[in-house]
Amino acid sequence: MSECTPSELMVAVAARELKDHDTVLVGVGIPNLAANLAKKLQAPNLVMVYESGAVGSNPTRMPLSIGDPCLVTGAKSVCSMYEQFAYYLQGGRIDVGFLGGAQIDKYGNINSTVIGSYKTPKVRLPGSGGACDIASNVKKIIVITPHEKRRFVEKVDFLTSPGFVDGKEKWKLLKLQGGGPYAVITNLCTMKFDDVTGEMMVASLHPGVTIEKVWENTPWKVNVAAKLEQTPPPTEREISALRALDPSKTYLG
Amino acid sequence: MSTGKLTTMKEAVSKYVKDGDEIYLAGFTHMIPFAAGHEIMRQKRKNLTLCRATPDIIYDQMIAAGCCKKLMFSYAGNPGVGSLRCFRRALEKGVPNKIEIDEYSHFGLSGRLFAGATNMHFLPMRTNIGSDLPPQNPNLKTVKDPYTGDEVSVVPPLKPDVAVVHVQRCDSNGNSHIWGIIGEQKDAAFAARKVIISAEEIVEESVIRSDPNRTLIPDFVVHAVVHEPWACHPSYVQGYYDRDNEFYMQWDEITKEHDSTMKYLDEWVFGVENRQQYMKKIQQEKINKLLPKPCMSAPVSYGSV
Amino acid sequence: MSTGKLTTMKEAVSKYVKDGDEIYLAGFTHMIPFAAGHEIMRQKRKNLTLCRATPDIIYDQMIAAGCCKKLMFSYAGNPGVGSLRCFRRALEKGVPNKIEIDEYSHFGLSGRLFAGATNMHFLPMRTNIGSDLPPQNPNLKTVKDPYTGDEVSVVPPLKPDVAVVHVQRCDSNGNSHIWGIIGEQKDAAFAARKVIISAEEIVEESVIRSDPNRTLIPDFVVHAVVHEPWACHPSYVQGYYDRDNEFYMQWDEITKEHDSTMKYLDEWVFGVENRQQYMKKIQQEKINKLLPKPCMSAPVSYGSV
Amino acid sequence: MSECTPSELMVAVAARELKDHDTVLVGVGIPNLAANLAKKLQAPNLVMVYESGAVGSNPTRMPLSIGDPCLVTGAKSVCSMYEQFAYYLQGGRIDVGFLGGAQIDKYGNINSTVIGSYKTPKVRLPGSGGACDIASNVKKIIVITPHEKRRFVEKVDFLTSPGFVDGKEKWKLLKLQGGGPYAVITNLCTMKFDDVTGEMMVASLHPGVTIEKVWENTPWKVNVAAKLEQTPPPTEREISALRALDPSKTYLG
């Protein structure tokens, strides 16, 4: 295994989840790196779509926001904000959406709105942005997050973006067109979701990590998949391609 | 060239923006109309409802300056940096005054504006279901789909009193060419009762007429046109100047306290008369770094016999 | 240049258009895809539901050729001339076969396609109320506006099996620049399950990327790309050739009887192999008259630092 | 009075109804001529909008359809079909719409769908096109039609485009945003609509026309306005400007 930082590990593992010809709704930072890494490796025909309306961007430098002008210069297509959400996201044309947030719970629900109560916030966070829309409409939600106790909670303070809500049976009644949460990738492991209950479970342990270490860093005793796998370590090829994408280590520090 | 609706930002704000108005300064990261926001602050407008999906630094400034009664938004962050500290200070601590919020997802708020621009009764959309937001916002309702019986989330139209839209080029009557990230610029112009356009360049009508598909805003929805180069700094205008990312990062530092924020505003907003003076205060070296090389579109022919 | 999805019209129709399909040949007067329509007739597709706001001459021809089971439309006339006689003969007399109709107003049908393209549950619109059409068409329903209590007319999404969209220029993967009257081209491409693009010109991807706001259709919704110059004659392509208005007027004469119509089709559709042969039959003098002088758009810069 | 044809008379009279800065939804032929005539005379800032999405067209020849390429070359703006109906018409931004049809009844309802019954048509007409949408949303509907008995009927066979439907009281309950029918201009007279009942009434007789002649050509005894006016005859200026717009007499024959 190549020596790598926890961020590099998460990005390398996340990139593997993307298939050639997938359409991905990309945010800046870590998800952008994962998408670009996949494009350099197994998914040369990955379609990158940004909330800002840019499609098929070809940036010559690292974009600093999803509205960065370098995402427009030489893009394949750019449309308005309502059109982006309506034609692409509501249109059911996005395979994978990356999300993050301050809290995530065992059903993959995400909170990026408020810590404490909505009316009297302890900490007011930025809010949904496109997150609730992405969560409701993409085929696979992938969450990349450091594995910290304050981020993993049994129940989010505020449900900004639906995962399986109260469990998969009830979730089906809501008839969201999206496929719901697919994977949560941390610096310790990859978690997926039980087909029947919709509960998070550890699917694969990253190199050198034990299930006990995952439990230590999760506030509830998270389930384990029937067949617990070992995450193949990042290859030289993955790491060197990744570092070339962020030479100044803005996101991979 | 006819002078059409040409005026100054001072005149336009004075004439069209009133205390208590619901206003929409358009832009999704791109072409945020800072010049108009600063002029509204200089003219000390109060009790405004500030609407935009991404409030950005300009609304953070207007909140600190005490112009804001309510913020309508979907993502109150400093894009690519972190929090909007003035927004949080007002919401969490009532400094300089308590503000109300009216919150949506991006799709929800851009949908409200689209529904307003096209005068729909309401707009059905695939979002909000399962989220904790609808119980907090009575504007988010559901309707039964008459074709499937499913419960569908809907939003009402948004029709602000005033919209300010910055454009790359327009003629003196306001026929506007916009390119790059076109965000909700067109919808803001069509939804609002009064429309102020600021533009990097005022061009002959013939330039606009050479490419009618690029005209997202036609003159007859426009009330005032202001020739205001660099109106969007520290935001950007595709093809004209880039985003001043350094400033976006500095803003986090500047706004650590209300006092430090006001010190900035005293110098850069209240301490200048207009955008020209604001730009004179910025070092030429910094400006040069923001100037892109041209990257021209392949032209098309609109010929007919 | 990569060959991408490039194929012939013969192959594209053979692969993607099936008997019984609901198909949408897009275009509002402009860029009507005649070449695709003729190939569908040559391949003798049956029981098609033909959808478009303005059926135009091409659907009149397909009805005469017996391809059509149902016509979905909002204006079944020969634009600027009068009736579509083959449509009327089928509807009023069952020649060559009885056809069903599924009728809307322009707003209603373009709304159905927009709702399909954006995957809405249903679309509320300000029309149909007070008209005699809703009682004739069960797809036109009403919903109570949850904000005002008013009864609002709604239409369901339309998602055709196949759309054919002609464009001025695209790359070999189908990223398409369209200008002039852009009608429902984008909506047709996004609403349909399969999309065939025919284009006047196939250009390098760099030409498309030089003006991304002009790209109304991105490649990944496209299944086949056909390089087919003059695909739209007697309709027109802005900047490339004008509408053959003489032919639109002659069509009224040609279609006075079913026999005279079939004689025309035998010569101009079944009697040729492809669009190239069709164009060879047209006098150069006539073609020259349809060629416009260039009238170029003022370019814009997409530069960034 | 200048010598003029019935078509010239109708166009000249219709053009007078347009004010400077009005937005007009224009069809080809007669309405196009009326709008262009008004623009040359009292309404230089008339905004002409076409169903095809063209706004502020500047055609160098007579357009042969509303989708004619000459309406695009040098136009101020062009948008998609749904956008045209949604932003302009539904947006309530159109002051005047011109309509025609096979039949018009005493409440200004228009039939352009079918003569006979819908299921078993005697004559199948083209259908609504944008007519129902225009009728429902413009501030003033103006109808230009030859005054013939087969066109004026007490009740249309099929109501394609709403006028005042069954009368103004009931019409108000439908809450259409448009202002309803405003004027019907024929070769004999101009008819307007009763404020209270919404019924058609003769408002102004064209030069040389008696009310009896109108009644002879209308299948019911159409009402007469309290103050019946005389239409001022077309002036030399109107007629010469008009003829310059259609030198080949395509529509003014």
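Note that the chains are named A, B, C and D in the order they appear, and that numbering of residues resets to 1 at the start of each chain.
Everything below uses one rule, namely that a residue touches a chain if its C-beta (ideal position, glycine included) is under 8 Å from a C-beta of that chain, and two chains touch if they have at least 3 such contacts.
Source: prediction; values computed, not measured.
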* To do: Any chance you could check whether A-C or C-D wins on number of contacting C-beta pairs?
  => C-D
* **Chain centre separation in whole Å, for chain C relative to chain A (CA means)** => 40
* Structure fact -> Taking each chain's mean CA coordinate, chain A and chain D are separated, in whole Å, by 57
* Using mean CA coordinates as chain centres, what's the chain C-chain D distance in Å? -> 29
* To do: Report, in whole Å, the distance between the mean C-alpha point of chain B and the mean C-alpha point of chain C.
  => 37
* Listing for chain B: what residues touch at least two other chains? -> 119-120, 125-126, 150, 179-180, 182, 186, 210, 213, 238, 242, 292, 295, 302-305
* Of all residues in chain D, the ones touching two or more other chains -> 54, 68-69, 72-74, 78-79, 86, 90, 177
* Considering only which chains touch which, label the overall pattern as line, ring, star, complete or other. => other
* **Chains touching one another, given as label pairs in label order** => A-B, A-C, B-C, B-D, C-D
* **Touching residues (chain side chain B, partner chain D) in the complex** => 117-120, 175, 186, 190, 205, 208-210, 212-213, 215-221, 302-305
* Flag every residue of chain D that touches chain B in the complex, lowest number first. => 21, 23, 47, 54-56, 58, 68-70, 72-79, 86-87, 90-93, 177
* Name, in rising order, each residue of chain D that touches chain C in their complex. => 28, 51-54, 64-69, 72-74, 78-82, 85-86, 89-90, 113, 118, 121, 124, 126-133, 136-137, 158-162, 165, 171, 174-177
* Structure fact -> Per the touch rule above, chain C residues touching chain B in the complex are 119-126, 141-148, 150, 152, 154, 156, 168, 177, 179-180, 182, 207, 210-211, 213-214, 238-240, 242, 289-305
* Would you tell me which residues of chain C are touching chain D in their complex? => 28-30, 53-54, 73-77, 79-80, 83-84, 87-88, 91-92, 103-108, 110-111, 113-114, 125-133, 136, 150, 179-187, 236, 238, 242-243, 245, 292, 295
